[in-house]
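One chain, subunit A, links the two complexes that follow: it is found with subunit B in the first and with subunit C in the second.
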Partner chain A sequence: MANSFQTATSTPAQDVTQSCWSCGAMRTAYFCKACGKVQPATPVDYFTFFGLPRKLNVDLAALEKDFYLLSRKLHPDVVAQGSRMEQEWSLQQSSLLNDAYRTLKDPVRRTEYLLRIEGVELEEQSKAASDKARNTGEAKKQIVPPDLLEEVFELNMQLEELRMQKKMGEDDPALLEEIGKEKLKLEEKHEAHLRDLKAYWGNWDTLIEREQHGDAVSPEERRQARDKMVDLLNRRNYVRNLVRDVNEALEQ
Partner chain B sequence: MATDYIVGIDLGTTNSLVAFMQGDNPVVIPGDDGSHLVPSVVALDSNGQPIIGNAARNSLIETPERAIYSVKRLMGRGVEDIQQELKLFPFRLAEDLQAGEVLRIKLGKRTFTPPEISAFILRQLKRNAERFFGAGVTKAVITVPAYFNDAQRQATKDAGRIAGLEVLRLVNEPTAASLAYGLDRKQNAIVAVYDLGGGTFDISILKLHDGIFEVVATNGDTHLGGDDIDNLLITIALDDIRGDMGVDLRRNAEAVQTIRQAVIAAKIALSSQSSIRLDIELPGGKRYQREITREQFEQLIQSIIDRTVGPCKQAMKDAGLKPEQIDEVVLVGGSTRIPKVRALVKDLFQREPHTDLNPDEVVALGAAVQANILSGGSEATENMLLLDVTPLSLGIEVAGGVTDKIILRNSTIPASATQHYTTQVDGQANVAIHVLQGERELARDCRSLARFDLRGIPPMAAGMARIEVKFLIDANGILHVSAREQRSGKESEIEVQPSYGLTDEQVEAMILDSFDNAEEDFRRRQVIEARSEGDTILAALDKGKKSPAWGQLTTNEKKQIAKMEKALTAVKSEDDYHAIRKAIEALNQGTTRLAELMMDSAVSTALKGKTMEQADLGEGPSAPHPVAKAEFE
Partner chain C sequence: MSYSDKVLDHYSNPRNVGSMDKSSADVGTGLVGAPECGDVMKLQIKVNRDTNVIEDAKFKTFGCGSAIASSSLATEWVKGKTVDEALSIKNMDIVKELSLPPVKIHCSVLAEDAIRAAIGDWKKKQQTAQPVTAEAK
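Our next item is the complex of A and B:
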């Protein structure tokens, strides 16, 4: 049982410092090793919850296996006959488990989450800014990646023309084809950004491994590895928003 | 055997069922008429007493003003949501209903909320189960459409509470169906469940993995089902009648119900035959006659059943799967009996769908499986675990009327999200939060779940307060909110005002109300049963007195029996069933020797040790022993 847990080394979730409320044996962060009873949740980050180091390359098959294994112990169905307290703990633990799994299994969410717990206010740079722009009713004031500037300008012109035509009830197959082609290009770029992001993971993971081996990692090294990913995620979000705009214009 | 039964209930738009796990197999519990299905129809009789199910169906025609069907369509909804419904269904709302208020429906002179009407149906199912077990039933798993929102789920849970049931879990209908199907095939596979019922449509895609049933995506339409087909056929018939005969029957509730039952029968017949002749007697003696071929029927319903395609495609997209990656397709719901629907599913998933289990019963059977899992499981359900998802994204309204999504649809539940809020002005004590459910960008296009105020924030400069609000969707798909001001560590008071729900106080009042009635109903039934049992034993005693065995008793024994006989006769005319039962028990014990003596003389020792009640084998075809019978006469 819990084979894949043993791959995790020296993570707080595995550091047993408390004893089980029910039988007094030593426990993990979520359930008792001796009697299997669910334990009150301790606030931990998602990596810690799964007993994983803060690395971005994750063995998804092992993660899924652990998710199922933990679900069998933590899900509210398991303690349906238990005390009110156990049910409450199970609700907390299984929601944490599900939140953690959902975040870690997705490459982009995983990266965004890691950056956030590493202190990067990602939202400031992308989501919050665009929300604010939307809320004030102004056009999005996102910084256009310089190499996209020309393309975006052209696309916005086309979309404007499309909206006009739709309003007039006109139909221009040539324009639709051009926009379709542009959309395809953007979608490819979106995919390419994901590949690039994965390439950056290695840089980060190397730093973590060095730390695990007791090597010092300078704040500057950390910052550089982080910033590359932040920049890429922002570009990717920008492209994603463009694709969404195109879809909206096409559907209207 | 534990007496603590947990039943599984399918509270359907058209029919409802109750099931439980008998050994390794889930079985449906029949009603006293032997029928598995309890039609979801509620009516009041002339004394204002509720009639439920088959017995209420005639009321739809005879006293339509005191009857209601398809109430599930109204669960958790506000008056502004149901304008379309009101055009098609004979729902009579209370006149003084305000916008934003929980609906109240008129049945005769009284009004009821949808959860109260659903509770009548649940109570009937509860009674059926109690009669079946001969014991009380207080715990249940109830199924809901996967695409039900928070308010609709909460309303269903409220209905359970009003009916005196502790709802241990709300399970999504397609997921429940997959549990019933999964019992005997525990392999690993991707399964799509297509569930087209009376009033709702769901599509769920599940990953089966060593007993874990993981829902990966779900979608649907809570206002799409067989009802829509019926309404279309009714509209056509009414138009025909108006055109051909010049009579407008739209306001004639009785005639509309007659037409409704006829077109439903025609719809069902067209699943097995190629044409059907509608022949309906109208008020005034005229007849409406029309031939409908299956081909015509299929053309008519095409636009309705096509509405299931979009949700199926979206679910596959959300699951990141193509049709060819889906291993099995399961059909659920009565409307999937329509050949055209089956053809559509086959075309959509490029696969012959499974229809092995009765589509009307499979959801209730699955609910029984889940009930078994929750009660600790058995060999049949060992290792089975359901991981379901929330069907709709949860969001918060932010400035500009925009929805900020904090838990995305298809997230495995329980799921949570934490948001931080601050104050806008110095000394601000309250922060208003508007919780929404739905996929649209703008708050006004999403479903409003609740508005609440964070209160009692300690006085601070603007922007200093840091309020952490935790949103948690539980395993039933129901939202819970808690909040804390982090700088002061103070738990903020939250008053969640559900947009379309009953408050706890209202539900409590309804429970008390129904409890009073239920108690009374239960008591009355017990008295009637106890009296009839008393009659049986007294009749048996009369016969015993005429038998030779009577002479073998001592004078004292005879005296004792006479005393107990008198006592039973006396309490029998009163309303205390406890006293009647006690007297029966006493007489039963007191006549044990008489019964033995009678047996001895009749069939030697074969029935020794039996009490009078058991020894009375006379009368009727149930008598197991012909020799004893002869002796008694």
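Our next item is the complex of A and C:
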């Protein structure tokens, strides 16, 4: 049984309880349940902060409602008459609340954040693949698929030509049109990647739900669900950077 | 951020920029990219079939100064080496030679990947294309 995983991943806020500094009763993450006083911030992840499981499909309307409710309750004005410690804690928790909300409401940031707290750094993946290739003597598995690389390379060649022409004061409508078309294709790809990412959320969430129901989830299943999202985010970032380069070249 | 003199030298005066015929049997092509920064690097080698010595190398890199310098240096280093010798070039060798800061280490990783990819492509061609080219000659 992967019991340690379960407690580590599906921790609702009520699990992170300690006794209140003021009245001694048990409290939730931000306020004492008994006397309602603000508490010092505990080092919790953003999902736990909102009392959410580590699932990627999030009810955004409920999240927003929660955010506004907590914003009011955690506002430093509420404890203006309180002790300096209370004011400090209120401020700490407000800032944690803002960071948590900003991260969780955005689909890409939410996924990147989840992957990070699950132990994945996007760049590390690339390094690990290089080490593996070096040790086994095999070619490195490219995170970016070869056909996309070809496309990226060709487009960069065209952009270079465009910059040269602009420098010489020349104008090539055909080239501009070609680059414009390529840019559209990339933007569509960027959108498609977000749709694909959302499709992968379901895989991940199913694993978390299974854990919530007491089923064991193997580390391998976890890794697979995670790596699919890592691959996709890497590709998406690549395309995003490229679109940015195209825009810069066109504007210059 | 300040680049080392060696990086600046390779950047403003890159060696072996260009391309070779991708379809040629004695040319290996490595095309690699770093999604973290959006760099893309193409490195090509021309190998003598009898001696396995890399006789020529070309590159074209779109990316930051460190990526350009790393690939420029890589082409200089692989030239004159056998394929197996070239495989022993490690990214940390490039880091040392160019005094790359930690945030630019991934550029050197990319250059090492490009060398490996180019050699891998060439090796694959030798396995599959040899009978065909032998007949053609």
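One rule holds in what follows: the second predicted complex is superposed on the first by the 204 of 252 C-alpha atoms of A that agree within 3 Å, B and C clash if a C-alpha of one lies under 4 Å from a C-alpha of the other, contacts with A are read in each partner's own complex, and residues count from 1 in each chain.
One rule holds in what follows: contacts are C-beta pairs under 8 Å (C-beta built on N, C-alpha and C of every residue); 3 or more make two chains touch, one makes a residue touch a chain.
For clarity, every value in this text was computed on a predicted model and none was experimentally measured.
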A:Asp77 in the overlay: touching subunit B, subunit C, both, or neither? Say first, second, both or neither. first
Output check: A:Ala62 vs subunit B and subunit C. Expected answer is one of first, second, both, neither. What do you get? neither
Contacts of A:Asn156 with subunit B and subunit C, given as first, second, both or neither: second
Contact-wise, after the overlay, does A:Val217 reach subunit B, subunit C, both or neither (first, second, both, neither)? neither
Is subunit A touched at more residues by subunit B or by subunit C? C
Would you sort A:Leu242 into first (subunit B), second (subunit C), both or neither based on which partner it touches? second
Classify the contacts of A:Leu232 with the two partner chains as first (subunit B alone), second (subunit C alone), both, or neither. neither
So in the superposed three-chain picture, is A:Tyr101 touching just subunit B, just subunit C, both, or none of them (first/second/both/neither)? first
Could you give the residue numbers on subunit A that contact subunit B in one complex and subunit C in the other? 134, 137
What does subunit B use to touch subunit A in their complex? 168-169, 209-210, 212, 370, 373-376, 383, 385-387, 398-400, 402, 404, 411-417, 472-475
Residues of subunit A touching subunit C in their complex? 122-123, 126-127, 130, 133-134, 137-140, 142-144, 146, 149-150, 152-153, 156, 160, 234-235, 237-238, 241-242, 245
Complex interface listing, subunit A residues touching subunit B: 68, 71-72, 75-78, 80-81, 91, 94-96, 98-99, 101-102, 131, 134-137
Sites on subunit C touched by subunit A in the complex: 31-38, 40, 42, 60, 62, 87, 90-91, 106, 109, 112-113, 116-117, 120
